[in-house]
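One chain, chain A, links the two complexes that follow: it is found with chain B in the first and with chain C in the second.
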Partner chain A sequence: MKTVRVLSIATSLAAAAAFTTAAQAQEVYKIGVSAGLTGYAAAVDRAWRDGLEVAVEYVNSKGGIMGRKVQLIVEDNKSEPQEAVTVYRKMIGSDKVDIFISGCVSAGNFAAAPFVTRAQIPMMLCSILPPQPDQVKWAFSFLAPPRFEVETRYAYLKDKTQIRKVGVLHDPSPYANLQKDIAVKSAANFGIEVPVVEQYKTDDADFSPQLSKMNAAGAKAVMKIGLGGSTLTVAKNIKQLGQDTLLLGSVDDLAVFKPAGETLGPQFLFVAAPAQIYDALPDGALKQEIGRFLPLWRAKQGDRDPFWAGKAWDALMVTIAAIERAKSFEGPKVRDAVETISAFQGTGGVYNFSPTVHQGITENPFFLATMVGGKVQVK
Partner chain B sequence: MPTLPTTISTNAGLLLRYLPAVLAVGLIAYAIVAGGHFVTLAGFALIYAVFVTGLNIFMGYAGQASFGQNAFAAIGGYASAVLTATYGWPPIPALIVGAAGAALCAVVIGYPTLRLRGHYLAMATLAIGLIVYEVTVQWQSVTQGYMGISGIPPLGIGSWEVTSDRAQLIMLSIVVTLCMASAWLIRNSRFGRAIVALSGSEDAARALGVDVARYKLAAFVVSAVYASLAGSLFVHIVGFVSPEVFGMHMVILGFTMLYVGGIGTITGPLVGAIVINLLPETFRGLKDYQDLVYGAALILLLIYAPGGLASLGNALKRRPSTPIPATAPKGARP
Partner chain C sequence: MFDLAYFSQTLVNGLSVGCIYGLIGIGFCVIYNASGIVNFAQGAFVMLGGMITYVLLTTLHLPMIVAGSIAIIVVALLGVLIERIVVRPLWDRNATMFVMILATLAVQIVIERTTLILVGDQPKSIPVFTDLPPIRIGGVSIGYQTLWIIGVSLVLIALLALFFQKTLVGRAMRACSINREAAALQGIPVSRMLALSFALSAALGAIAGILLTPTQFTAFNVGTPFAISGFIAAIVGGFGRPFGAFLGGIALGLAQALAVFGLGSGLKNVAALSVLLIFLFLRPSGILGAAK
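Showing the complex of A and B:
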């Protein structure tokens, strides 16, 4: 009888151990994504989400992160701050995510930042950083500093053209406003004058008044700051007005650049990210990293622009590097480890994070390019 | 209030009449107990309940149309945000200044626009909402434009701040109760009867001695104060404000809540705010089809409860079998 009891206890213990092991094996690392899948940020944030899905699939096929499979929890914030707060808090409270790798809706990320900070969860962002220092502590941006886009265009005008008067046309988004301020302040460093600064709304259907005003002020180039179809509308307006003005677009999707290039030809130039000019890149670490991501992306998405998706890939790869360095999945330890990651090669450039630098790209990764026959050509 | 002799309420009707309000209160109580992200949803629902209660006074009682209530929410919200985050004011005085500012704006704007009627009034109020939205975007030195204002402190008095989720929800529940009670008092006051009279017919109300322009303006100002309060509550609960918070979607949401909950009723704004906040959450698992199913649910609600959920009980009222007497029974009030 005693033997039977001992055997039954041993069996129970073995079963419990097996159950625990199975539970540990099933443990996942949860990544929360608050993205504007609908609303004004949909084009960029859908690409961000799709890039993350490719990255997660790749990581899981390699066995996950330190033995844990990665699970993506994506919520649509509708590009609205209130909705962003709701979905962030759902992912904190109900889904219990370990980290956020969220999209480009700055206001949404800012609105949710106090709650994320309180929960001590790191945020890897496609947007700019929240303004409060205690919130910046938990946030890391994968967006290039706004001055790089401005400097790339000014440097081209200074070195390759005689144009010294530039009109600035920008949308009211936070990132565009930062670029506009830098464009006005740094123009003199390149021997350039900005006689006209005009703001537009993303749904404006005609830019002829702003372009005419810039032309009348002697501006021979328009620095367009802002995403979306408005770039094509500006290109069409320049052509309709018969102006010989150069249009210098900011970083955007190739789906926007192609028709704008067809409309204006060599008059249209734009800031291109490394992933958009992969074939023209010299051999090296950057090309190698993009080459790791691009085939996976193209297998799923064909010719779709890889830029924003590549940024999402970078965000996950930095997260993995931080977890491996911290040897922990805990939020505070991962946060501390991200601050030690420097010289990390991503598809969007080299990331150098530190306790004082939470916007990882510190060297200008951009090129100035134009469209020739539907293909991107570096100038 | 005695039952009118023309209709008799059934027990089921009575049950249905109070069921939505009881369920709404039950859901808020559940949120307080359960915690989690349900608290966030309940909190937003209560803030919107304040906003819609004000809208209900102007639209439900006074029978006017306003598509610009988001303007007053923005005035209250930004006044609270700027005064507390930028100038270090305590939240309560900032909230009061915001409400006073919204009331003043309502007087200045309402005086000329409320001479309009119907669609013209609706268009004029729509313009007010759009203008204030543009001001919040363009006046960057004060509002920070789309960058928004962060670091807004939670509500509190002195060094005591309402910081925990549950405490905030309890505080919001008290505010909503006070707002609904004040709406009930307004509805049953001389002022309330006057604005209800002008909603039926402005000419008839005027013939009865109601100063139509004055009462319309007063209803507009009162609803603006409610909207301002909702705006202030929002920024103190979330701690951040940007122009998108008070965009056109706020107006659309407010209208939907008002009609789904029950326009002209006391509990309708609360019921509508809770249902409209929770419905999308119920369908969140449907991902891309979430909005589709949400829209279908709203259409069904409006088809089967055209007077709103708070007036469901009226659907089960039946006509009396005896003919209506030609003269009112003794003791009945007109």
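Showing the complex of A and C:
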């Protein structure tokens, strides 16, 4: 009898626990994050992850989204597409995430896009959009179109310098390849010639051969397309070779720009995002939105670069706006609602999504900048 | 039209990076010679050399020579520690080569992750040793750091040759590599030689890291690519031959630079490794022949 009673109590407790767990699960909105926490994209994707954590903490402190707390599930894709497929499958199958707000490893997001699309889960991406139209339907990019980065650099060369020959040095990622193609095709529009295009591996130890080739071809500027420490290596190699070449870097982390600027001084210029030049921004909606995020970021991360983290903040804020507009957490309804969000002020610029535009930033938000005394200065 | 200055610059570029590959390759050979072990944590020693120097320069503001020397000693001691707690127990149990490789790969990952936790993921660098404009000969630029790399590499090669041929300890290490049991019967402390080989190899890796970091950057994850290049250098040179590894490194560096010259950097590694593979088909024991 005693045994029966004990069993009965245990069964009741187990049932109660199961009920509680189910109720809690219902109240949580799960965000899956596939990010390159290690590998070539680590600097950017770790910032993306950290920015999301700040944003989620902020949202939860305000009561969550329509009463539901937000839960982040972060998986490291090691900046490799194969790993990305594994972690996306895990987050769909085991974690049952409601949405993805994933990092900047384009190839990884592309590789996972077919089955994420089949699962009807929206993807808010730091990377460019996947190539297939049926996959684009479920993906939204918070990255500025690649032509903006190229045009910012070409416009500077055309308007402020006499340089008309540029070497293009790019990594093999889809985003970098896209920029490279744009750089080659659009050069003539700025009266610029591209005599040499060279690809590199993100873990290459030395770029002297490529730089020597560009120099021999008469290129007086190098447009570097790609993230990470390789920009610093290029800067050091230019200095070692004693070239007077300008190095024009892509959008990246200030942790890369600072040492590259110290190495090359005014020869190093880079595409800067609004959050990286906050103090120099005029008053307005953009500065206001960055000012909303920046204190929260600095409280946790000090003077770490806020740009990529701010993009992640934007991705979550757009997601929340879509959920509130849809009055639903269901993937298809949230997806439909994102397509209706326009004139949305984020830290990275204004987002204008529509059924035909899934890359939200439609106006060039970038500046060309250099490092002076460890500080970013707009050119 | 053939550009002689550009071609010469290509050779200098290849030589410079090749010396680094060679130094890392020598590290592989030193341990292999003393123990028959292929240590895949060699890349971690390279990373740590640059990273510890960076930390000492930026936190304690030590002079470069002091920071570099401390880094070399710390990494050498770490090499001994790894030998004591990871390699020795396996060695004593006659673990196979594959187990040893796996163990040293695991060590590489542990060191990477620990570095990531301790110093973060951002790229870091240290200043060049001689901050002067490069020397120009004709149309060729030679940076002072390149001269440091080539010069220190040659000095180390000479010292290693003297060490292995003229000193009792060096000869004892060679004896261990030829026949461990016979060396032990002759009274050579084989296990101590193993520890010493790890210290020497780690120190060589650290020196390579300190030499190359001013020309690029260091981060927690830069070790593996260097380990691969150093391993290729050691094989091409004739595995177990320190000077061969150095030549192998130069061959790899030159092949990569010439591939960029002739074909473009997209095919750099494909072309360079294809050439080296063809070479190994013709001479499988490498440039100097593998050590016995």
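Details
Simple rule for what comes next: the second predicted complex is superposed on the first by the 353 of 379 C-alpha atoms of A that agree within 3 Å, B and C clash if a C-alpha of one lies under 4 Å from a C-alpha of the other, contacts with A are read in each partner's own complex, and residues count from 1 in each chain.
One rule holds in what follows: contacts are C-beta pairs under 8 Å (C-beta built on N, C-alpha and C of every residue); 3 or more make two chains touch, one makes a residue touch a chain.
These numbers come from a predicted model, not from an experiment.
Clash-free side-by-side placement of chain B and chain C is the outcome of superposition onto chain A. With both structures placed on the common chain, the touch criterion links A:242 to chain C but leaves chain B unconnected.
More residues of chain A lie in contact with C than with the other chain of the pair chain B and chain C.
Within the superposed three-chain model, A:193 lies out of touch with both chain B and chain C [touch as defined at top]. Once chain A of one complex is fitted onto chain A of the other, the partner contacts of A:113 are limited to chain B, with no touch recorded for chain C.
Once chain A of one complex is fitted onto chain A of the other, the partner contacts of A:94 are limited to chain B, with no touch recorded for chain C.
Within the superposed three-chain model, A:324 lies out of touch with both chain B and chain C [touch as defined at top].
When the shared chain is aligned, chain C comes close enough to touch A:259, but chain B does not.
When the shared chain is aligned, chain B comes close enough to touch A:130, but chain C does not.
Contacts of A:213 after superposition: chain C is touched, whereas chain B is not reached.
Between chain B and chain C, the minimal CA-CA distance in the chain A superposition rounds to 5 Å. 38, 172 are the residues of chain A that lie in the contact sets of both chain B and chain C, per the superposition on chain A. The residues of chain A lying in touch with chain C in their complex are 38-39, 42-43, 46, 172, 198-201, 203-206, 208-210, 212-213, 215-216, 228-229, 232-233, 236-237, 239-243, 253, 255-256, 259, 263. Partner chain B is touched in their complex by these residues of chain A: 38, 75-76, 79-82, 85-86, 89-90, 92-94, 106-107, 110-111, 113-114, 130-132, 135, 172-174, 177. Of all the residues in chain C, the ones that touch chain A in their complex are 3, 5-6, 9-10, 13-14, 16-17, 20, 116, 121-125, 128, 133-134, 136, 141, 143, 145-146, 212, 214-217, 219, 221-222, 224-226, 229, 256-257, 260-261, 264-266, 268-269. Every residue of chain B that touches chain A in the complex is listed here, in rising order: 35-41, 44, 137-138, 140, 145-148, 150-151, 234, 238-240, 242, 244-245, 249, 281, 284, 290-291.
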